[in-house]
Amino acid sequence: MSGDQGGDDRLREFTHFRQRMNERILAEPNQVVRRFFALDTQTYQDGALDVKTKELLGLVASLVLRCDDCISYHVAQCKEAGASRAELFETFSVGLVVGGSIVIPHLRRAVDFLDRLEGGEGAAPAAQHDHG
Amino acid sequence: MSGDQGGDDRLREFTHFRQRMNERILAEPNQVVRRFFALDTQTYQDGALDVKTKELLGLVASLVLRCDDCISYHVAQCKEAGASRAELFETFSVGLVVGGSIVIPHLRRAVDFLDRLEGGEGAAPAAQHDHG
Amino acid sequence: MSGDQGGDDRLREFTHFRQRMNERILAEPNQVVRRFFALDTQTYQDGALDVKTKELLGLVASLVLRCDDCISYHVAQCKEAGASRAELFETFSVGLVVGGSIVIPHLRRAVDFLDRLEGGEGAAPAAQHDHG
Amino acid sequence: MSGDQGGDDRLREFTHFRQRMNERILAEPNQVVRRFFALDTQTYQDGALDVKTKELLGLVASLVLRCDDCISYHVAQCKEAGASRAELFETFSVGLVVGGSIVIPHLRRAVDFLDRLEGGEGAAPAAQHDHG
Amino acid sequence: MSGDQGGDDRLREFTHFRQRMNERILAEPNQVVRRFFALDTQTYQDGALDVKTKELLGLVASLVLRCDDCISYHVAQCKEAGASRAELFETFSVGLVVGGSIVIPHLRRAVDFLDRLEGGEGAAPAAQHDHG
Amino acid sequence: MSGDQGGDDRLREFTHFRQRMNERILAEPNQVVRRFFALDTQTYQDGALDVKTKELLGLVASLVLRCDDCISYHVAQCKEAGASRAELFETFSVGLVVGGSIVIPHLRRAVDFLDRLEGGEGAAPAAQHDHG
């Protein structure tokens, strides 16, 4: 029952928390963790597939694995990369059919997040890759 | 650390959020998503198995997949369909043994939710199927 | 690409393997593992819910968690407890809708297994609970 | 230890099994299951996103959920829709980074399957959508 | 978007909720559930492997299964059993590489929880095993 | 119904397949995939935790995520690093209790694999890290 309906304050708080903890984690002398974060960033860079397609791939993977933070993050990145609402909903539909009705609560929160982004009230998408 | 211990206000807020977002999603011109929602409703209708048994099946599936919103939803539907507390706990026990101790935090929130329903303070179960 | 289409020899081989390994595991001086196996057996015994309903619960949990051995096991136990083909298919439908299209390959193998059981060629269901 | 290294006979056997069981399932008088199969087909049709992108989405979802049959199926569909080897490997890389090293055994089997398809020895991709 | 950034009040609230619901569950006349809880406690006792190693095993299992409550619980138990910050980060690194980037949001919350424990502000670890 | 009971020929075939496909994958010009494989190797190196403990962590993570190839791989690495049968069974017990009865079929195959390794008939553990 985590409705994420708390609004923009909660969104800002989350964005701040993500940033602060990423810095904290990367400051730690653990090379495997740091390299993983670097690799994660590299994964979504332009290549044979463009950034938009890669972010849609990241989004559908996050949907079927049902991780709200990752879903919100990739929705924002997809928008930033130019994905339309119709493209996002088709991506949602693949996630829903592959992953089943268990995805529905995450879909509700994803659409709520998307609505806010489109309403101009949402979190500014991270300026650079920010690890889901 | 999402204890769901926030009480009835939070419950009402969640019920409202679910309803609002379902309407938002169904208003979208994406036929796959809309058909999935219709199919989800059809799944739990009376057939060779009665509604109560089907809702218990939905509950145990939600437990082992560890989706709090889905668990709460099916607990309410099971109660509505006449399941007793003992039947619900036997369903919980199957979910716990099949899914393991990772299910325990979700079980705590499920029992808390059930206690509220039985205390008469809970969310009124949705009048019709409302997509987990 | 594990089609389980190898037929009855493979079924007998699997039943024999399961039995042999269960004995091997229970002979090990690890009390937690042994108690878990005992608890697993106890879970499906007649109680507030009857054995058939509990086995259907075990089946749907196995479907959404996508474990072929567990699915076959519970299909056999459900048949043994008197579940009809229509009841099994309604249980399959709940697993399919909750778990999504990723369940389909397991559903194919489940139906193949069920067809064999009904054709009288299948594995004799275990005489007692035999741990999925 | 299911290496899928058995080669083309096994591939043909699997394709035949999939087809036979799909027919068997669709012949069953269970409307929810049949509608789910129809919806699954509809999901990958050309829309705001083209077929190739949708099949790549289906592939990455199958990778992170670790379903070999689904992975093989979507690899074949992606090839059929014109995806290049480089595009497939970038999709694999997203699946690997999002899903972790647990995906590696499935990646090995996916690449083996792709090698066969490209060697012209593989299964002919299904003429129409064939449910993972 | 459940940042768990609410601080120590939320931590105390959660610890209280966990304790209260565990008592509630164990008071229920369902022997399977009660035995499962007893077995869960037994699992982490000193044996061929010491308590610290077993708690690290519990932690990495919770990480890859992505259960925040279980992660927090095992982080506290690991600290109590003498695990150093470096040992915890190496355990995190195994969880991250095996489980993939989908683990990152849980890692952020785990490190935040660890920081609080080390700052002396955290929840007192449960005096005895307290079921994840 | 993949019993892995096929014996040593199958084991050798699998080891050969794993090696061949790893080489094939690493020969591909995809830097993200190659770096992931390098990072995977680095993860299990001696550090604050010794190799044996890290391999036990890899084993329990593989158990709860239910990947047979990964389980076999880590069982072999654990043996190589000096883990005793009792230590392996305690690791199995944590995986079983955290992951639930759905783990049992994988446990059977893990014990069968361990028996072969101890009988001297098993696959020689990979000389170097070989990616699960």
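To keep things simple, chains are lettered A, B, C, D, E and F as they appear, and every chain counts its residues starting from 1.
Convention: contacts are C-beta pairs under 8 Å (C-beta built on N, C-alpha and C of every residue); 3 or more make two chains touch, one makes a residue touch a chain.
Note that the structure is a prediction, hence the values are computed from the model and not measured.
Asker: Please state the rotation angle, between 0 and 180 degrees and to the nearest 5, that superposes the Cα atoms of chain E on chain F.
Answerer: 180
Asker: Check C-F against A-C and say which one is joined by more contacting C-beta pairs.
Answerer: More contacting C-beta pairs are found at C-F.
Asker: Over half shared numbers or under half: where do the identical copies chain D and chain F land at their interface, same or different?
Answerer: Mostly different residues.
Asker: Provide the C-alpha centroid distance between chain B and chain E, rounded to the nearest whole angstrom.
Answerer: 26
Asker: Using CA atom averages as chain centres, what separation in Å is found between chain B and chain D?
Answerer: From the centre of chain B to the centre of chain D is 32 Å.
Asker: Counting only residues that touch at least 2 other chains, which ones in chain C make the list?
Answerer: 2, 32, 36, 39-40, 43, 61-62, 64-65, 70, 86, 89-90, 93, 96-99, 101-102, 109
Asker: Where on chain C does chain A make contact in their complex?
Answerer: 64, 96-103
Asker: Given the complex with chain A, which residues does chain D contribute to the contact?
Answerer: Touching chain A: residues 39-40, 43-44, 47-49, 53-54, 56-58, 60-65, 70, 84, 86-87, 89-91, 93-95, 97-99 of chain D.
Asker: Any idea which chain A residues touch chain B in the complex?
Answerer: Checking each residue of chain A against chain B gives 1-5, 66, 86, 89-90, 92-93, 96-97, 101-102, 104-105, 107-109, 111-112, 115.
Asker: Taking the complex as given, what residues does chain E use to touch chain C?
Answerer: Those residues of chain E that touch chain C are 31-32, 35-36, 39, 42-43.
Asker: If we count contacts the way the header does, which residues on chain D are in touch with chain C in the complex?
Answerer: Contacts found on chain D: 2, 4, 10-11, 13-14, 16-18, 21-22, 24-25, 28-30, 32-33, 36-37, 40, 43, 61-62, 65, 67-70, 72, 109, 113, 131-132.
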